[in-house]
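Both of the next two complexes hold chain A, though its partner changes from chain B to chain C.
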Partner chain A sequence: MLSFIFRRMVSAVVTILALATLIFFAMHAAPGDPLLESKASSPEIRANLLKHYGLDKPLIVQYGLFMSNVFLKWDFGISYSQKNRRVNDIIRDHFPVSAILGLLAIVMATVGGILFGALTALFRNRLPDRVIMMLVIFGISVPNFVFAAWGQYWFTVLNAWAGWTVIPVAGWGTFHEMIAPAVFLEVGTLAYLTRLMRSSMLEVVTTDYIRTAKAKGLSPLRIFFSHQLRNAILPIITTLGVALAAITTGGFVIENLFAIPGLGRYFVQAVQQLDYTVIMGTGVFYGAYLIIMVQIVDVIYGFVDPRIRVSK
Partner chain B sequence: MNGFLSKLTILLFVVAAVVPAQSATAGNSKNTVTMSLTGEPPDLNSMRATDTQSGFVLGHIMQGLTSRDKTGKIVPGVAESWKLDATTATFKLRKNAKWSDGKPVTAHDFVFAWQTVVDPATASQYAFILYPIKNAEAINTNKDGKKASDLGVKAVDDYTLEVAFDKPCAYFLSLAAFSTYYPVRKDFYLAQDGGKKFAADAKNLIFNGPFKLDVWEHGSKMKMTKNEFYWNKETIKMDVIDIPYFIIDAKARYNLYKDKKIDMVGLDSETFKESIKDSFKANRFADGSVFYLEFNHRPERVTRNIKLREAIRSIYNAKEVVDKVIALPGNEPAYTLFPKWLRGVGRSFRQEYPVKSHKVDFTQAKKLLEEAKKELGLTQLPPIWFLVDDGAAPKRQAEYVQGQLKKHLGLDMNIDIQTFKQRLSKMSSGDFDIVAAGWGPDYDDPMTFADLFTSWNENNRGKYANPEYDKVINEAMTTIDAKKRMDAMGKAQDILIRDVVILPQYERGIVYLQNQKLKGVVRSVVGADPNFIFASVE
Partner chain C sequence: MSVETTKTQFSPSDFTAASRKDSLQQLSRPSLSYWEDVWIRFKKNRQATVSLCVVVFLLAFSFLGPFIWIVEPSQQNLNRISEGPSLGRMALVVDESSDEQTIEDPSFLYLPEHDNPNIGAPEKFEIIGTPSTLGVEIHWTPVEGAAGYLIYRSEKVSENLEAISDNGVVIKEITSGNEIGFVDRFDIQPRNYWYAIVAKSIDTTSTQYKIVSAKVVRAIGIEAAQTESKNLVKVGEMIKMSVHPLGTDYLGRDMLARLMYGGRISLIIGIFVPLIYILFGTLYGGLSGYLGGRVDNIMMRICDIVATMPYLLVVIILYILLGGHVGARSVFALMVAMTSTFWPGTARLIRGQVLQIREEGYVQASKLLGSSTIFIILRHMIPNTMGLILVNLTFAVPTSIFSEAFLAFIGMGVKPPFASWGTLCEEGVKTMSSSPHELFWPAVFICVTTLAFNLLGDGLRDATDSKMRSRE
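Take a look at the complex of A and B:
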């Protein structure tokens, strides 16, 4: 077991190193020049800037410096576009925001997904199933920012009608302001999990142990909660880690619409502005985060499903 | 697990329902203006800042030697009086000008800031704006072994600042109001981790302007409040400038305005239509910048041929582009590089040096094209490359030009759509025939536009080079006689039009909504915009 974990860790570290290398060279190969601004600078000022950012050194030297700074000193350097901020500070300040938003969204999506999934399975081919599955198709196929833009419009109508801020249009800080963006952020995941839960429930219903439980004369409620639900939930848990990572990193559009100071904005804008240090910082950080999430899910999975522990 | 999670969700919703809503609608509380910025100011270090968002904040929390009144006219700032001639300027500083910790603003603070700006190690992209000062350019470009201490600025005593010039600078008083010229206090600067943390956060800044920055949560919010140490604080009516949102999406900003959460909002074509539906009354403001199609004059490009450029101008209808293609009210068709707001000798520059709009003439255009082909020695012109930014509006404009060229001249055009940074990169390397470009003024003098097309200007990306043009600009640069300068600039304007260096498109207008309780907001073409220094809430 320990050697298993050790091997997983080594492969995680190698993956992260490879990822950092890949991002570094892809970024430098991308067309454009990070130092160009709409107002041109003289060759002398440009030379000063190149020196300031260490871009005057050969690429391979820059690479070596970057890797040693990141992996030995855990220092990503200073942002090109926010000229007084360290990338470490950007990650430290803004990742928690994305994480809270992502967590809230994933909690909603999971609870909703399990609930609706179970409902549709119970009422298979009847009205609740049909209605929910139709909504699910909407949720999966329409991008979340469409819902969000539409929602924001109706919030203004609602607030004007009520005379007070029932739902804030945008902003970040209070819990009140977190709900709407979290709801819009999780629509796609909620829909996906609902479908997953539905099919998983339907599969479980036809298994032998359910038949045995019924034969033993257990109450339908007991069967539902301790046998059906617990088994049907397993595929959901497997997807949760990746879903959480995807939701925390993919909140860019929602963060923009709701003026949320999350890391997603920096992640995407850095690429548009060719902000080298922020691209590297957020890229490596998110990559490491994703890899770690996947590992954690493996462990959690072991707890929920005893069969996995036994086989190890 | 399921039980726990559902209980948690139910709890979350209950909490959501009972959390009291914030009821402070914008403009209701007295003398507070609430607004949003499209992005966080990237750099509040006045010595390095280059962008408009930073300029907006800096313009409220700092003050230079000179300042501007409601009409944009230069008035005393930290300096209460001055003497200016062709070679030197002497500023007398007011004794009651203070930093936000109560210490006086002295001449040394200006000396320190200006020396730091021109120091190559600072790598300030706006260092060039100090070049009129003696030795500034040499120091900044590492020439003649000049050091920052050689800069032509001296604190004669705590309240007297002497400036020596490399060449006469008629608009120096306007420059003295610009953010790169703001004072920075050496002891405070060095106390911020040797300057490395200066302006990194609100606590790493010190203020001498009408407001101070109280709150700066990165990526999230800013709040400026009245500075009790500002020498002229009696005239400031606004207590708080609150910026709780950095939000780039125009629609979301519009919704915030509609929800009475912000007091001002800029509109794009989509939100403008909505604002009409919602019966809001929009305001207009020409922001002072000019947009144009810039030709590539490099010898390997067909656009080097003046007949071809004339042919293209003959089919180009600036009014039609503004009305039908850009289709956002506020913009005005442009026929010259010099926008309407510029001042000349006595009246506006454009009144004193008027231009005629060129005639659209398709037969003439065809004739010019034939002559161009002959001069270029080509029977068929290669496709013309049009470089534009990525985005719906630039693309639409490019497609319009593409259609016109094909229809009236039978010319093919390739549209090269690039991201902002890549467009700049291609502009610098000359990889285009025509590029959609624009220019916003740095100071209020025609020179901020005129010197763009001199052969030595790095922003002259089409590499137009004409000794005659360089000569008239040099004339304007070596005198402080207003009439001589403006005459030279008038000549420059004629040359630009004669040589079809650019094809002016429009003077940009901004359409915006503003809470009617908010009075005295100044929209300015140079300096902080919008300017709340003279504003109040009714």
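Take a look at the complex of A and C:
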């Protein structure tokens, strides 16, 4: 088990370093000048700014500095577009918002997916199954920003009709305000997990141990909860890493639509303004976060299902 | 043929050579190749055949549609922005030379010196000329002691001031007592409007009011009308305006033409990106699986690293690297960025399949019979992975279209002069509450495409995988 965890850790570190390298060189090779006329109005100012941002050194030295700053000192540099704003501060201020939103969304998606998936399997080919599977097809085939934009609009209509804010459609702070963005963030993942859970449940039904349990005379309820459901959840755990990545990147859109001060929104803004240091910093941070999460999910899966430790 | 079962001793004369023409076995059914079998099973699946028809329709819509619906998708018409879907509209040609200046009565130079709480309402409050979508001109008679007027507008039937202010808004606040007219040009649609006027003194607003209703007709300025119609048009004529069956967007561009154009880009990205990366992934995975050993190990580590990276993040980074935000290069940048991050899944899948087939009895038998590596790859490996590749490709199309739309939405998709269903959605969201059709149509097309390809993929998977037959 220890060697399994160790292998996962090495894999995570190598991937993060590769990603950081890719991001660094991509940002330096990208077309466009980070110091535009408006900032560097004279050659002297330009030289000073280049020195300030460390852009006067050879690329390989810059790369070494970037990597050692990021991974040894946890220093992501200074923003180009926001004066004197350190990328560390941006991450510290805004990442918790994204993390809470993502966490809420993933909990909703997982719990909902397991619940609805189990329901559809239980009522296979009957009304609840058909209704839920119809909604699932809808959830998978409509992009989440369309859902979010329409949902936001209809919530506004609902609020206007009710005369009070039933569901807030913008802002951030209270739990009340987190509901709508979290729901729209997870809707695609929820649909996907529901479908996965359904097929997994139906596969488990045909296994020998369920037949044995039936033959032993266990109550259907007991079979359902402690044999069928427990075993059917396994594939859900494997996809949690992917689901988390989908939800986190989905946040880029939702945070913009719902005016949430999350890191995703800052990342998108930085990309639109070509603020290279912020792109590098938040990009490496986001990447590292997701890679570590995926590996943690893998390790958890290794705990839950011993077969994985051997085969991987 | 009769066989003597009792005979145990044979001599060569008992045997004759069988003619090659004689078929020893009479097949009861014609022998089917793998793909014929797949096609038969696929045809039985109604969901899948319907999806195939939808896919064909979408391709025809995007690629052949422009030959039938010959409208330039980038043609702007600022006279006709955000129009709803319709099959033809008539419009009144009017002279749009009416000026924007305030309408004043110079003989009525009255400036109130002190507040008058008992101020009355204008004697007359009337519509001047034909109220049209280009403007509704309202005139009234000035009121003694007025320092200004409030003009309300409502779209619902309103018989008194309370109803108008409840249903409508204050469309104009006039801050001078000697203005006697106002032209309302704010977002006027061809329907009935109710206007009310209330005079104001310095600090108080009158309780008396006047109401007038206007039945607005669709109108078009004479100059704009001349571009719509081939014949010479005159003021006061009704002309038929050019048809926009699905409406127009926020710059007056025809939605149908834009959907066709956007569909072309979306489908090109949605089909070519998977084609390229699945080809690459197949070669990579196949090579890795076939070579095995150390090379396989290293190749799969690289594959793992790429697969573990959050792909949308990497796509965004590569998109910037390739200068996607420059516009003309956006489609190319997007396609390269997507293909270079999506392939590991396919590579792993194909490698697994190759490893499995390599150990199959028929490959061993083929080797035993002395077939070359090339022959084994061509005769056994490729045909046996073809089904898997095809299914993978079908499922990859909606994923690519989705990713493109997502990136377009955060401003990292295709850029003008290009447009895709994703960018149409992004534009549509901005005007969603006033003209929902601008978001509705592209969203429907994305939705239908995704659904059709997903169901087609399901059908193909069931049809190509003989193991799947026993399930469900």
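The rule is simple: the second predicted complex is superposed on the first by the 288 of 312 C-alpha atoms of A that agree within 3 Å, B and C clash if a C-alpha of one lies under 4 Å from a C-alpha of the other, contacts with A are read in each partner's own complex, and residues count from 1 in each chain.
Keep this in mind: a residue touches a chain if its C-beta (ideal position, glycine included) is under 8 Å from a C-beta of that chain, and two chains touch if they have at least 3 such contacts.
Note that the structure is predicted; figures quoted are calculated from it, not measured.
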Which superposed partner A:Lys216 touches (first chain B, second chain C, both, neither): neither
First (chain B), second (chain C), both or neither touched by A:Ile114: first
Which partner reaches more residues of chain A (counting touched residues only), chain B or chain C: B
First (chain B), second (chain C), both or neither touched by A:Thr248: second
Touched partner set for A:Pro31, first chain B, second chain C, both or neither: both
Contacts of A:Ala149 with chain B and chain C, given as first, second, both or neither: both
Partner chain in contact with A:Leu274 - chain B first, chain C second, else both or neither: both
Which superposed partner A:Lys73 touches (first chain B, second chain C, both, neither): neither
First (chain B), second (chain C), both or neither touched by A:Leu22: second
Set of chain A residues, in rising order, touched by both chain B and chain C: 31-32, 149, 153, 256-257, 272, 274
Interfacial residue positions of chain A with respect to chain C in the complex: 11-12, 14-15, 18-19, 22-23, 26-27, 29-32, 137, 140-146, 149-150, 153, 245, 248-250, 252-253, 256-257, 268, 271-272, 274, 279, 283, 286-287, 290-291, 294-295
Residue ranges of chain A touching chain B (in the complex, touch as defined): 31-34, 36-45, 48-49, 51-52, 81-85, 89-90, 93-94, 104, 107-108, 110-112, 114-115, 149, 152-153, 155-156, 159-160, 164-166, 168-176, 179, 225, 229, 233, 256-259, 261-262, 265-266, 272-274, 304
Parts of chain C lying in touch with chain A, wherever the complex brings them together: 304-305, 308-314, 316-318, 320-321, 323, 325-326, 398, 402, 405-406, 409-412, 425, 429, 432-433, 439, 443, 446-448, 450-451, 454
Contact footprint of chain A on chain B as seen in their complex: 1-2, 5-6, 8-9, 12, 15-16, 19, 21-23, 36, 40, 42-45, 48, 50, 120-128, 140-142, 197-200, 204, 217-221, 244-249, 251-252, 255-256, 258-259, 261, 419-422, 424-425, 428, 457-459, 461
